[in-house]
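You will see two complexes here that share chain A, one where it goes with chain B and one where it goes with chain C.
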Partner chain A sequence: MTAASLELVPPPRKGFFAALAPGGVKVLFALLAVGIAFLFAFPVLWLVLTSLRPPSGVYFVHRGTEFTFHNYAEALAQPNMLRAFFNSFAISTLATVLSLGVTVTSGYMLSRFRGPVPNAWFSVIYVLRCVPYISWVLPLFFVTRQMGIFDTYWGLLLPHVAVHICFFSWIMKGFFDGIDPSMEYAALIDGCTRWGAFFRVALPSAVPGLTALAILCWLYTWNEFLFALMLTSHKTPILTVVMAQFVHELGMEWHLMSATALMALVPALIVTVFGQKYVIRGLRV
Partner chain B sequence: MTISEAELDRPRKPSLFGERQRFMLLLILPAAFGLAFFQILPILTGANASFRDWSLHDPKMTWVGLKHYFYVLSDDGFLKVVLPNTLVFMAVSVAVSLLLGLCLAAILNRKFAGRAVLQTILLLPLMVAPVVAAIMIRWMFNDQFGVVNAALEAVGLSGQPWLAQRWSAFAVILMADIWLWTPWFALLLLAGLQSLPREPFEAAAIDGASPWRVFRFLTLPMLRPVMVVCIAIRAIDAFRTFDIVWTISAGGPARSTELFSIYAYNEAFQAMNFARGSAAAMIGAAIIVVLAMVIFRVLNRWVEVSK
Partner chain C sequence: MAEVVLKGVGKCYGPVVAVRDFNLAIADQEFVALVGPSGCGKSTTLRMVAGLEEITSGVVAIGGRVVNDLPPKDRDIAMVFQNYALYQHMSVRDNLAFGLRNRKVPESEIAAQILRAAKMLGIEPLLERHPRQLSGGQQQRVALGRCLVRNPKVFLFDEPLSNLDAQLRSQMRLELKELRKRVPTTSIYVTHDQVEAMTLGERIVVMKDGLVQQVGSPLDLYRRPANRFVAGFIGSPAMNFIDARVAAAGDDVMIATEGLSLRLTDKVAATLRKHAGNAVVMGVRPQHVMLDGAGGGNLLRFQATLSTSEQLGDQQLLDARLGGTLLRVSGIDAALKLADGTMLTLAMAPENMHFFDAVSGAALG
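On to the complex of A and B.
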């Protein structure tokens, strides 16, 4: 290599810190990463610490050295607790399956068709997406009462599915926009019906996106509070409501709330640890 | 429109309710049913209530027309506190979460030891129930027992009654919201980063571009479409935030940190005037529908420019 060609390719520029101390960038980077992780984890760390303190110690979590696992046993022994776990799990799973099933076709329609009907449908979705929860959660209470499904699985499931319809249809449209429709075109020419083209060709290509949405939907429903508070009562206890009720005006049972919250965190953590790579792979909007 | 789209889209029979129409309608039928019964019906119920005198104690329900709308639109509390609060909240929350999310996505997009662990920790806010997180944050900022004041006093500063002052309470709420939503931004942006083509980056590396210039002139413009989707979705959500504010301050002290959802809720349930609450909710819905269209237009132009 000649000197002239070397000049054409300038050496990689060194940053300020790299010049100051070799290896310094790496140390700084590590410090930054640890700092950010600490900030993000702090409220959860605090939850862990609170859940391990005896009831008398929770007001000064940062003082004192007694720690106990008794809170977990006490929380689990609460009436309704196991049912609340089961209900939350069932509602999250069913809501995920139903929401995806309902919106995948709607998103496909939005992505593949042009004309007045898709335009009208998109406008409906767009406007309804903007309407604040508060303006329909309050009446929803009366509506589910009228239908006789208040405080049942259906009374919580169907509103949850309805919440997701607008947002998921929008995202699903994005998924299908990213999939080349020429394969479906070929399938149609080969004598496939429109439904066949959708189920056999388009749907399998959308699986990564669907997986990502399924994971996010499950986490969202597992942690959802406002709907559960408004639309259920003692017949269908839901975990987030049970947790929040430990801390109310009368009794501040911080130790029970934090112990329950941590137990509720475990399924979510498992889903996230195993699911995050699918989410990142699938969420190419 | 490409040829293939035209084919899927081509009416096979030129009738009004042909095979193509039937297919389209069947595709959206289940979703349409869900929306009709569990979204449109409740909204209409609420809209109906907003034109009547319907307090929870006294359900006579006389038609009063736009009375409640005039009340809300001439209420100083709504115009001078709630609206500015909501807009500032929306702008700051979205902007800071986007910036932080972008930084985190850029960090997570590199390869280093412990990356998977860091990523899982950063996603913690998505795993904790927001209501629990909000209760915990309120507790941490408690003026007597909170860890924040304890830490301040330990280094010799005096503790603050965080939730008893307007702006510090507002800041705590904002911080909680940013904490909750930054991972969401980071996740979407990281997905976007990982799907970018490699060639421009290789070209830049050969040209010896500095990391900052690569980020500024390659990564950022190519990420714009993803960022637009994130901003549009989050801006709408931030406008209608309810649960965090409700748990941390319930709009206090003295209704000074009310966002518009809290205002509607307080009017409906604290002031026991369901109709006025519904009217406030309708006004908010109208504002955000218009605002969302403006945001969408502006952002779309921004993407066009980058192409």
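On to the complex of A and C.
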């Protein structure tokens, strides 16, 4: 048989999907995708509905037709709420900036240099990483008290930054491992110092990873509860802690909590979406 | 423009010795190729000249100045890397300008230099693109351009063509040669490809295990290899090596191995006489073995059985069995039909035979 006489027909389909009409596979997967999406969206949807119901309706979200925006106003009117928003935002942003400043250099050192200093540093952050998160809290409580920074910005900021450095230095090292060092060698020959090669060549190449890390870092601090609960009090209200106070001895104010949670989602979304878009676009032409 | 001198240069990574006692004086405007198998210390040597690697022992001087303690930026060199090492986040134009801007060259001058280099390399239309929008060959041209614009004292190349496909590689090889005529800067060119080294290098340094094996012009290395390693490394297909024994009987000096006994004539005999009774390695290039070598009275003839033949189109390669070894013969007429197992009469000229010490591998003579 010559090649020309070969008929080009798709091979017959076999198995489970063959029983479906043509195009049926697509429909099936579309349904599956919708189903999975719904599974993830459902809690958020429930949250939205709860936040729009009057207090009497929170346990009957699926029934009743009474909707209101009053919960949002009431949540915002809580003492400390606006300050909590501001504090959380400020601390998340500061923690991100400070910890990334350190992480970038420490990750670069771990990736590019060998010797006693990088080895010791590596060991330190490795050991600290192995300590369970929760066991940091009590010592930190006493330490911040001793230092007189309990319930201040510094009292929450420094522990956060320390944790981030331990966790993110490793990730940062991974980013730099993925960047070809000969680019920096070329920069050295082209007239840069070691620092110059780092700032002008290695760092710009790490920006996509760095952005992702910054967003991660910011969200982590924004959502963090344990440190905030233990290391702050009335002077420095933090959003997650204030939100938790809707659960108290008189009952649970789900409607207010939902409204606050949704409002807390907004800055997080803005940081994620715009942070990513802006930086990535700045990088690509 | 400058000469480069390496005197007793060595490099250790802890217990690992990468380069030992490297001595070489490179003249102004000379093009030296550094060649050797993987891991022999070529890149390490080059990087020591560049200042990217600390020098463990010895002295490196560029243009009469010892540069051991100078950072790379003060050595006035330019380097092309195997993987191009272009700045990914900058346009081609900024890549070229980077080194000049660091040296505070006025922008008008920079623009002129970029234009000159871009014209020379044919990359003018690419200037506004980013490196990731270029093909491998284009990226390598930009990397060359980055060196050209700087007008450095020395060019250093670390396997610049090895990431390109075979066709592009031979084309770029020619372009490099052309470029060289217009910009005759002192150059050190590292490669593991002996063809590249032979075609580009005015002088070749062959290295192995961190040690220089031989320094010489391409023809020197081909005709008078200093040892068995150089003999086998330079030339393609590689030289045949046959273990043999020298015997002296009266006036005659014989070289003998399984299935072969040759009487050597005057000049070769004289050099080998003092090794009588010793085991030696005889070397002959595939190109220098002839089939039925007609004429030429002083040709040494011997018999061998054809084991396999390889058709290359323009010529055939033969593998002939001679006792326990396979002897490769090249340059055989492609039209010739030879059945495997045929008894062949081969011939070679005494002056094309090389002899090496069986133990040390050093050339005898």
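Definition applied: the second predicted complex is superposed on the first by the 249 of 285 C-alpha atoms of A that agree within 3 Å, B and C clash if a C-alpha of one lies under 4 Å from a C-alpha of the other, contacts with A are read in each partner's own complex, and residues count from 1 in each chain.
Simple rule for what comes next: contacts are C-beta pairs under 8 Å (C-beta built on N, C-alpha and C of every residue); 3 or more make two chains touch, one makes a residue touch a chain.
Just so it is clear, the structure is predicted and the values come from calculations on it, not from any experiment.
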Chain B versus chain C as contact partner of A:D190, first or second or both or neither: second
Contacts of A:S182 with chain B and chain C, given as first, second, both or neither: both
First (chain B), second (chain C), both or neither touched by A:L100: neither
First (chain B), second (chain C), both or neither touched by A:M172: neither
Partner chain in contact with A:V273 - chain B first, chain C second, else both or neither: first
Chain A residues touched - chain C or chain B, whichever exceeds: B
Partner chain(s) touched by A:L256 [first = chain B, second = chain C, both, neither]: neither
Touched partner set for A:P159, first chain B, second chain C, both or neither: first
Doubly contacted chain A residues - partners chain C and chain B: 180, 182, 185, 188, 283, 285
Of all residues in chain A, those that touch chain C in their complex: 180, 182-183, 185-193, 196, 201, 204-205, 207, 283, 285
In the complex with chain A, residue positions of chain C that touch it: 50-52, 71-73, 75, 77-79, 81-83, 85-89, 91, 98-99, 102-103, 130, 146, 150
Sites on chain B touched by chain A in the complex: 1-2, 4-5, 7-9, 19-21, 23-28, 30-32, 34-35, 37-43, 45-46, 49, 104, 107, 112, 114, 118-133, 135-137, 139-140, 145, 147, 150, 179, 182-183, 187-188, 190-192, 194-195, 206, 208, 210-211, 226, 229, 233, 236, 239-240, 242-243, 260-261, 264-265, 268, 274, 277-278, 281-282, 284-285, 288-289, 292
Interfacial residue positions of chain A with respect to chain B in the complex: 9-13, 15, 29, 32-33, 36-37, 40-41, 43-44, 46-47, 50, 59-62, 101-103, 105-106, 108-109, 112-115, 117-118, 121, 124, 126-140, 142-143, 158-159, 161-162, 165-167, 169, 174, 180-182, 184-185, 188, 194-195, 197-198, 216, 219, 222-226, 239-240, 243-244, 247, 254, 257-258, 261, 264-265, 268-269, 272-273, 276, 279-285
